[in-house]
Amino acid sequence: MTSRLSVRKLITVICESCLEEAITSAAKEIGASGYTVSDARGSGAHGLRDGSWPENANIRIEILCDEAIATRILDLLLETYYSHYTMVTFVTDVGVLRPEKFQHRASQSQG
Amino acid sequence: MSDPVILFFILGLIAGLSRSDLKIPGVLYESLSIFLLLAIGLKGGAALAQNNPSALLVPILVVTFTAMLVPVLAFLIAHYVGGYERADAGSLAAHYGSVSVVTFAVGSSYLTRLSVPFEGFMSVFLVILEIPGLLIGVALARWSAGDTRWGVLMHEILAGKSIVLLVGGLMIGYVSGEQGLASISPVFFTLFKGLLAIFLLEMGLVTAGRVADLKKSGIFLISFGVIMPLISAAIGIVTASLLGLSVGGATLLATLFASASYIAAPAAIRMAVPEANPSLSIGASLGITFPFNITVGIPLYYAASQWLLGASL
Amino acid sequence: MSDPVILFFILGLIAGLSRSDLKIPGVLYESLSIFLLLAIGLKGGAALAQNNPSALLVPILVVTFTAMLVPVLAFLIAHYVGGYERADAGSLAAHYGSVSVVTFAVGSSYLTRLSVPFEGFMSVFLVILEIPGLLIGVALARWSAGDTRWGVLMHEILAGKSIVLLVGGLMIGYVSGEQGLASISPVFFTLFKGLLAIFLLEMGLVTAGRVADLKKSGIFLISFGVIMPLISAAIGIVTASLLGLSVGGATLLATLFASASYIAAPAAIRMAVPEANPSLSIGASLGITFPFNITVGIPLYYAASQWLLGASL
Amino acid sequence: MSDPVILFFILGLIAGLSRSDLKIPGVLYESLSIFLLLAIGLKGGAALAQNNPSALLVPILVVTFTAMLVPVLAFLIAHYVGGYERADAGSLAAHYGSVSVVTFAVGSSYLTRLSVPFEGFMSVFLVILEIPGLLIGVALARWSAGDTRWGVLMHEILAGKSIVLLVGGLMIGYVSGEQGLASISPVFFTLFKGLLAIFLLEMGLVTAGRVADLKKSGIFLISFGVIMPLISAAIGIVTASLLGLSVGGATLLATLFASASYIAAPAAIRMAVPEANPSLSIGASLGITFPFNITVGIPLYYAASQWLLGASL
Amino acid sequence: MTSRLSVRKLITVICESCLEEAITSAAKEIGASGYTVSDARGSGAHGLRDGSWPENANIRIEILCDEAIATRILDLLLETYYSHYTMVTFVTDVGVLRPEKFQHRASQSQG
Amino acid sequence: MTSRLSVRKLITVICESCLEEAITSAAKEIGASGYTVSDARGSGAHGLRDGSWPENANIRIEILCDEAIATRILDLLLETYYSHYTMVTFVTDVGVLRPEKFQHRASQSQG
């Protein structure tokens, strides 16, 4: 099984929904080949965000990428967004099928 | 008080405060706000079609100019009296400088109920007034910071949902005229108040959720949420009497001036002034000013308009 | 049979059984149920406003009392005849002791179609009957277990969506009266039957999804789902004749007694009696009793009411 | 041009192209399409009830036969002129061989506006024409591949949402008749055009999102999206004159023939011909043919029908 | 990259939607600093739950926390909910940005 | 804590929503004891899929299973779907509570 899987980073960002456009387009600029977003609600340091109201909803962004891109995305989040926005981020090592799908843009941005 | 539309707001408030599991699905809320914006736009457009739009030029300029006083005053009060930093004072200024579509809808529902006529082009003012107050608030917050991307911000506001639907509705209504709209009027006009009632039920629930924020925010913010609309409404009524509007028109203009935005402003401020604390300004505009306006404010502005414009006859 | 509203239910049933990909979005379902609950409440409230509410005190007490027989009988039958354990028998008792708002709506639609008048305050009974049967079911399930958090449970029920909307609608309708509701009646009254039709389409789809559960559940549960409403309806009609209700009122009271809850009860039971198997009680109430009542039951209860009350004249 | 319904489409288009954040919630879109399908079915069914359905047998056979020319022509053009592979050419054939419900609704709205009468049973053709073109498209794509699970495909189509709702509505309308539908007509008939307007707003937004696809797809596909409906419409008008339909009926038949599916077809093709590139066929049907038909096509087909059938009188 | 990331546990609970309030408030009481919820549907030992109907929908709860809190949350789930409710739980090691965000409540509850 | 957790594979598939029925039923046939689905939107090699429109929406399928089943599911995805559908897949090691929940079908299919 492991033969077909290559290790990549999965970055998961949970944040207020008004950042959807900003973060996903930044990730693509940095070189991620894609992203996935779903709607969420939750609670944390900034209190309850129950999604009953658009201004009050969270999203959950997932970005699969290699380590170099991941580092640059985490940098961006820390520098630009962490101080003022509701946000939580975690990173996992995952095995991906068809790793070449996640490379073309990454290599562009590194080349 | 016994306008059923307001009773729905109170029902939502009670349900929220008593921790009912009643929830209006987010999608229903979004659908209803699309509906309300389009309907108000269409109605205004059809009214415009019966007037000569060029006659509105001077009133629009006058109203825009006096309306700019509102965010400036709001900023000064919040910064110097309330002691808030530039960011938060600017955010409050933007919220109170812009307008609330639903407060406007409740105001026109109030007048219709009392059979008080008003100028059909009032919703043109609604559109016009949404933007400048917002920009002034951002400018005051960003003063000397100088890193605002105004282009992006303008696009965010102008291409924002509420402007697109209001202006779009206005233009469709203007092009089609009341006759042309006949086939779609069962949806956009006949259902208006019933759907507004359901929308206000949701607003009550949301407002109830803001009460916790308010407890934290203290006496200044609560007073601000009541006094600021009174000041703005006064400016609005004076403007209306300058322009020779009817008593109904003056009531609605006062309502517009007094109303604080909680849809367009929060989104724009979140992007342009992220260091501002959103629960302050939404807490004040939604938790205090909105319920104040729809229950106490509007009847008051009507009484004041009657008194002032009756006197000036 | 040819009430189009029922045909929508049958369409949903057929679509579901033939594994169509037709799906009513969950949010539309929720929105429609909010609408139906508010509309029924408003209509009842407006009717109440024309009566003297204090005259309802005795009928309410009588109805509440006789209605308590239903969950007790249901429990005894399920436990001793059906052989279900306390938890499942209590859960069935709670479902059949409470009521179904949509069945009530179909019943009043049926009478309106035949131009049979009924007492406007029937929807007050709807509200009143939602709760006690539920509590009795839980008590029977928990008997001697003694660890039920009744306070939490009461809050769960009383602050539950259906009670809040029904009672809220009743009060708004009562305060406003029919006149006051005129502006919102195009939404809440004119659209009622059409939206009920769409709701029943969804109910048909959901019922179809329950058929698989039914196959597992065997002959006892299926018989229970048909016989229990007949027994309850008989109690309802006798109660109605004691109270001197009209034929229409008796039909609706029988319908209420016969109906089984599938919204409030499942939620409350899931919290209070988690060891009960939900597919049993929802399978019976939604898969058998609901379709039985709206197709065969209501006309039957009407015929029986005519016969009994006609005879007692 | 000044049908307000079309103006909503244009508003959506402009909002989408100017990157407004206006979004119609997916659930609202789904709810509106359920509504439109049911309403069209009900209306057709009520009309059928006033006719003798057996008299429709010959017209249905004739229309089905001539309609089969459309996918075959579409396939030949796409494969031999456009140079697309079998899969993509077959997918285009399926899309253009099937029909678009919303285009039909706009067509009948157009005629109603001009007070041009048309045969009530036209929506029967809508149902009938949805399927054969789709099957022919799949067959042409799969030719010699021979691994298509036709049973699954037929179920996918026949139990698909649009057929279920259209046929279900037809049958309910037929059984109930116009009288029987009276109680639900405020929802399904009175609100029709207003809700169609909101639906078209969303269609405009979706179409705007397709413009990027179009840029990639080149001149052939764009020409195909305009010329193919003209050819199909011609076949439709000739068929209508063979059958002796009225000018309104001929306009609607031409509109049906000219319209391309973007709901049923994409879903079925995705299952049956997964190697086809969906952005090709949806881009053409939704990005070009749909806007072409509702703005330019329908008035053209009306003019042509007047000219041809006027001449044949 | 690893320098900025601290290891925490991510607990994911998939369960029937009526447990949302109960589980999230229990997690906060135990000391989790927050949680994230999104809507889901699925199938498992209790059959199909397709979300077509509120009573029939699942949710997906994510809780980031340290190991001590995680243990107590898992205990609670096993004791209180596992026997009667539709539920699946899994735990992953993840690297989080700004670990201090997940500590304040945890340390309270431990202190 | 680790004592109660057994290691399993978590397969996450992000794909176009029309595959929901096909993939989940295939996973069950192969022997997975269940699955979880939620709605998503995103962007990748096949462009933007913003979910504004049913045909245009993604889903996120999660399947917890043992390694043998995981291998067969990945095979199936690669063979049947990867060539024609919008799809991304990644695999993580997770610790599950109550591992027996994920076994009965797996052992059936292996036995």
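As written, the chain order gives the labels A, B, C, D, E and F, with residue 1 at the start of each chain.
Operating definition for what follows: a contact is a pair of C-beta atoms (placed from the backbone, for glycine too) under 8 Å apart; a residue touches a chain by one contact, two chains touch by 3 or more.
Given the structure is predicted, the values throughout are model-derived calculations rather than measurements.
**Q** Go through the assembly and pull out the chains touching subunit C as well as subunit E.
**A** none
**Q** Over half of interface residue numbers shared between subunit A and subunit E means same, under half means different, so which is it?
**A** Because under half of the interface numbers appear in both copies, subunit E and subunit A meet with different residues.
**Q** Quick one: subunit A and subunit B, Cα centre-to-centre, how many Å?
**A** Averaging C-alpha atoms per chain gives centres 36 Å apart.
**Q** Roughly how many whole angstrom separate the Cα centroids of subunit D and subunit E?
**A** 47
**Q** Subunit F: which residues touch two or more other chains?
**A** 38-39, 92 - these are the residues of subunit F that touch more than one other chain.
**Q** For subunit C, jot down the residues that touch at least 2 other chains.
**A** Within subunit C, residues 23-24, 27, 30, 191 contact more than one other chain.
**Q** Edges wherever two chains touch, nodes for the chains themselves; is that graph a line, a ring, a star, complete, or other here?
**A** Graph shape here is other: it fits none of the named patterns.
**Q** Mind listing each pair of touching chains for me?
**A** Listed in label order, the chain pairs in contact are A-B, A-E, A-F, B-C, B-D, C-D, C-E, D-F, E-F.
**Q** Name, in rising order, each residue of subunit E that touches subunit C in their complex.
**A** 16, 18, 47, 50-55, 57, 83-85
**Q** Okay, in this complex, where on subunit F does subunit A touch?
**A** 12, 14, 38-45, 58, 60, 67, 70-71, 74, 77-78, 82, 88-92
**Q** Provide the residue numbers of subunit B that touch subunit C in the complex, in ascending order.
**A** That would be residues 2, 4-5, 7-8, 11, 14-15, 18-25, 27-28, 109, 112-113, 190-191, 193-195, 197-198, 201 of subunit B.
**Q** In the complex, go through subunit C and note every residue touching subunit B.
**A** 27, 30-31, 34-35, 38, 155-156, 159-161, 164-165, 168, 171-172, 175-176, 180-181, 183-188, 191
**Q** Quick one: which bits of subunit C touch subunit E in the complex? Just the residue numbers, please.
**A** Where subunit C meets subunit E, its residues are 23-24, 26, 29-30, 205-206, 209, 266-267, 270-271, 274-275, 278-279, 282.
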